[in-house]
Every structure is written in structure tokens, then in C-alpha cells.
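The first chain written gets the first letter, and so on, giving A, B, C and D; residue counts start at 1 in each chain.
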Amino acid sequence: MVPGFLTRAVAVLLGREGRSLHLKAAGGATVVLVLVMLGGAWAVTAAEEGAHGANLTSYPQGLWWSIETATTVGYGDFYPVTLWGRVVGAVVMVVGITTYGMVTAALATWFVGREERRRDHTHRLREETRALHERFDRIERMLAGERGGAD
Amino acid sequence: MVPGFLTRAVAVLLGREGRSLHLKAAGGATVVLVLVMLGGAWAVTAAEEGAHGANLTSYPQGLWWSIETATTVGYGDFYPVTLWGRVVGAVVMVVGITTYGMVTAALATWFVGREERRRDHTHRLREETRALHERFDRIERMLAGERGGAD
Amino acid sequence: MVPGFLTRAVAVLLGREGRSLHLKAAGGATVVLVLVMLGGAWAVTAAEEGAHGANLTSYPQGLWWSIETATTVGYGDFYPVTLWGRVVGAVVMVVGITTYGMVTAALATWFVGREERRRDHTHRLREETRALHERFDRIERMLAGERGGAD
Amino acid sequence: MVPGFLTRAVAVLLGREGRSLHLKAAGGATVVLVLVMLGGAWAVTAAEEGAHGANLTSYPQGLWWSIETATTVGYGDFYPVTLWGRVVGAVVMVVGITTYGMVTAALATWFVGREERRRDHTHRLREETRALHERFDRIERMLAGERGGAD
């Protein structure tokens, strides 16, 4: 649910969908991820503050935790132990994974577009059509010559 | 094996493959993932219950564990120690990874489709064909004029 | 290096590249991954056996470790401590990640193919060509009629 | 930000973008990843040296840490505890993830290209055009025959 929602949210937020959606979606998701990581670091330390067995007690620790969580590394040196800390963690994880998915998909779209331009279907179409136009030219000359011959 | 099976299962379950398969597959896989996470949280706590060294002892813990497992973060604060708990864990991992793969692939398909529409091969084809139709019009007029001139 | 090598190895091993390479590559990679996980579980326990601080001491533990390693979850309940155990670990990680990449890429190719068939460029091409053939029919009738009229 | 930057850096560094960008990007990213892992292993042990609670104290340990970090496994047997060690860790994580994204995207592009060649739009285009050329031949023969008949 959440990944789909994020996708749509990014598409709607960016608004102007006219040009290269994939670059804007990947860029937008990266910006959202950085904001979620910065905000999540603050939110998780606020949620964990004073909890029994909490190990996320300062903003620098929270930032390191949000980096290793968003990248899904998860060493286990820091992790939330409260309900709200874990909700923040789940959001950071999902936003992180969705962003990597978007960057991967945008790269694929970029590569596919480059390959298409190399194979150049449009160029082929133009070439085939030019050959047909030459046939038309020839028939028109034949018709014109015939008419001339009929005079 | 399992990812391929899941893929086919989702395709079969959704049944109506007529329209934008990628959106339905990504949406369906997300739904399956949420169900597997909710069910896995229950199944793992049931499997681990009373086992020596078990640390997954309540449903809320199980849910947090299934979230960090499906996202492949794996802090190591909770993990199954019994055979059946680990089987549940393997299922949650594989379903999670396959879902992210599907969401990424669906995003790529969406982006590629947008790019194709922008480059608009069909528009080019139409334009080239219109030029050919104009040549036909001209030849028909020449033929009609010639016949008229022959009267 | 290794992902590229694996890709080529799978392509070469499968040999008959004539039909839907992506399905065969994803399927082949999944088979390779399962074999690497089964073999890696054995190899890692053999490498770790008797080492100081080793925690991977039985095949079932090794299998659970290779599952959580290939899926990149890595709880940290089991991990290799010897050189060769870590070499095995690196292989399991890289094969796992490459397999998920292949499955994701195969899903994207499948989805893109479905979308293409829906938009149906070929159908458009056929329709446009049929219109041109109708113009030819008409010109031929005009020419035949003219000749008939000339008799 | 960083993934986008890396993407552009690889594209610029490789310079000659004329042929199969996706293979060069995936290959280049893999080379960069290996260099970052080798360099990161050295950098993290240098940063961690003598720090309170540091567990990354030798190059072999650093190398194992950079492998499990770049693959996002993160067992938690080794992790940086200093600011600069964590900066190195963040770089290794992001480069690792971006590389897998590139390899996945390059695989998708490769698969899509193979599928396109199988469906062979260009072949269809050629066939349709040949049929039109045959119609031209026939009309030219009709025109030539008519002219001959008029003599």
C-alpha cells in the first residue's frame, strides 16, 4: 500500500508530468528520502527518550540509525524499542526501499531509451518511406511522360 | 523457485489480465506481502513459544520482526530460533524481496510507457503515412485529369 | 565483476538463447542461488569447524545462515569468523543480490512486453498499410477503367 | 542526491557514450564499487583506530565489513562507532545499493532489447513495405503496358 501511495504522492507533488517523469520521480523520491532520514532521526530519538532499554539517545546516533535503516543494512548497534520508534523505523525502511526501486526503474528507463535511439526505429521508418516516395516520383514522371506522348 | 511461483500465483489469482498487468501485479504483491507480514507475525510467535532462547514472545514483537525481516533490515534484536519459526522467516524474506522486485519492475514499466508516449512512434508513423496519401491524391488527380484530357 | 560473470555464465550455460532469455536467466539464476545456498551452508560449517568464536557449527544452522545472508537480512545470530567462511559468505551475498536483480529485470521485461502488446504498434502499422493498399486498388481500377474506356 | 550524482559521474567518466551505455554503466559502477570497498576497508580501520568501543581494528576485518555493508547484509559483528567511520559506512552503503540498481537496470535493458529483436518490429515494417513495392511494380507495368497498347 505505502509504496504505491508514495509513488502517486511523488507524481502528484511534482505536478508537471510533461517531461521525463522517471528523472523527476527518482529525484523527488531521493529528496523525500533525505527529508525522511533527517526527520526520522529526530522523531526516533524523541520517541525512544527515557524508554527502558533504549539505545537511540542522541540525534547523531539517530542519524546513523536512519542511514543504516534506510539502506536496509541494519547492523543492530541501534534499533528502536518503543511503539512509536518502531513506526518511525517502518516508515524509514519503506521510503528507503521505494526510493531505491524508483532510482533502479529510472536507470532502466534511461538505458532503454538510449538503446532505442541507437537501434533507431524512426530512422528505419523514414528510410522505408523515402523509397516509397521515389516510386511515386517515378510513376508521376511516367504519367506526365505518357500524357506528353499523347499530345 | 518461490519467486517464480509467487509471480505466477499473483498473475493467476488476479485473473483478468486484460489491462495494465504490472499495476495489478505490484498492487497484488503488496497486498500479499501485508497479509504475509500480519500472518507471519502470528505464526512466528506461535512457533517460537516456549522454545529455549526464544526472543519472539508476543504479537507486537512478531509484527516488528516481520517488518524488519520483509524489508531485509534485520537488526538482530529479534530472530527465530526454531525450525518452524525459521521457515516462517524464510517465507517473509522471499515474499518481501519479490514484492520489491515487482514494485520496481512496475515502476520501470510505467516510466518506459511514459517515455514511449513522449517520443510517440505512432505519431511519426501517422505523419509518414499522411504524406503517402497525399501522393496518392495527386496521382489520382493526374489520372482523372488525363482521362478528362482524353475526352 | 562477479555479477557480470554470473550473468554471462547463466547465458552460456542455458545455451539455447532463442526464446525469452529473461525467463530462462531468472529461472537459471534462481536454480543457481538454491544450489549456492545448499552448498554454501555445507561449506561454511566446514570452514568454521573448530575455529575460535565460531557460531556456525551445524548444517541446519548453516542453511538458516545462508538464507538470511542471500536475502541480505543478516540478523547477526550467525556469521562466519574465518577467512574461508567469509569467502563463502561473500559468494552467497553476491549470488543472492544478482538473482534478485535478474528476477526484477525479468519481471520488468515481462510487464513491458505486455504493455507493448496492449498498445500494439504492429496493429497500427497493419492498419495504416491496409489504407495504402486500398489506395492502390483504386488507382489500379482507375487505370484499368481508363484502358477499358480507351478501347 | 548521491545516487543521482554517482550515475552522472559514471556517465561522464566513461565519456564515450556512443555504444550500449547500460553495459558500460553497470561495468563502471561495479569497478567503482570494488574500489570503494577496498578503499573503504582501509579508511574505516584508520578512522576507528583507538576509538572507545571500536571493533574494526584490522584491514581483513575492514574488508569483510565493507563486503557485508555494500551488500546491505549487516550482521552487526563489525560496525563503525566514530563519525568518520560512519561517513565511510554511508558511502559504502550508497555506492553498493546504486551499483545493484545499475546492474538490475542493465539486465532489464538487455532483456528488453532481446525481446524486441524477437518480436522484430523492423522485420514487420520491411515486410509491409515490400508488399507496397510490389503494388508499385504492378502499377508501373500497367502504365507501361497501357502506353505500349496506345502505340
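Some points to look at:
The rule is short, and it goes like this: a contact is a pair of C-beta atoms (placed from the backbone, for glycine too) under 8 Å apart; a residue touches a chain by one contact, two chains touch by 3 or more.
Computed from a predicted model, the values in this text were never measured in an experiment.
To overlay chain A on chain D by their CA atoms, one rotates by 90 degrees, a value rounded to a multiple of 5.
Distances between chain centres, each the mean of the C-alpha atoms, put A farthest from chain C. Chain pairs A-B and A-C differ in how many C-beta pairs they share in contact, with the greater number at A-B. Each chain gets a centre from the mean of its Cα atoms; for chain A and chain B, those two points are 15 Å apart. In terms of their C-alpha centroids, the spacing between chain A and chain C amounts to 21 Å. Chain contacts: chain D has residues 72-76, 100, 104-105, 108, 112, 121, 125, 132, 139, 143, 146, 150 touching two or more partner chains. The touching residues of chain D, when paired with chain B in their complex, are 72, 74-76, 104-105, 108.
If you check the complex, the residues on chain A that touch chain B are 1, 3-4, 7, 17, 19-22, 25, 69, 72-76, 79, 81, 83, 86, 89-90, 93-94, 97-98, 100-102, 104-106, 108-109, 112-113, 116, 121-122, 125-126, 129, 132-133, 136, 139-140, 143-144, 146-147, 150.
Of all the residues in chain D, the ones that touch chain C in their complex are 26-27, 30, 34, 60, 64, 67-68, 71-77, 100, 103-105, 107-108, 110-112, 114-115, 118-119, 121, 124-125, 128, 131-132, 135, 138-139, 142-143, 146, 149-150.
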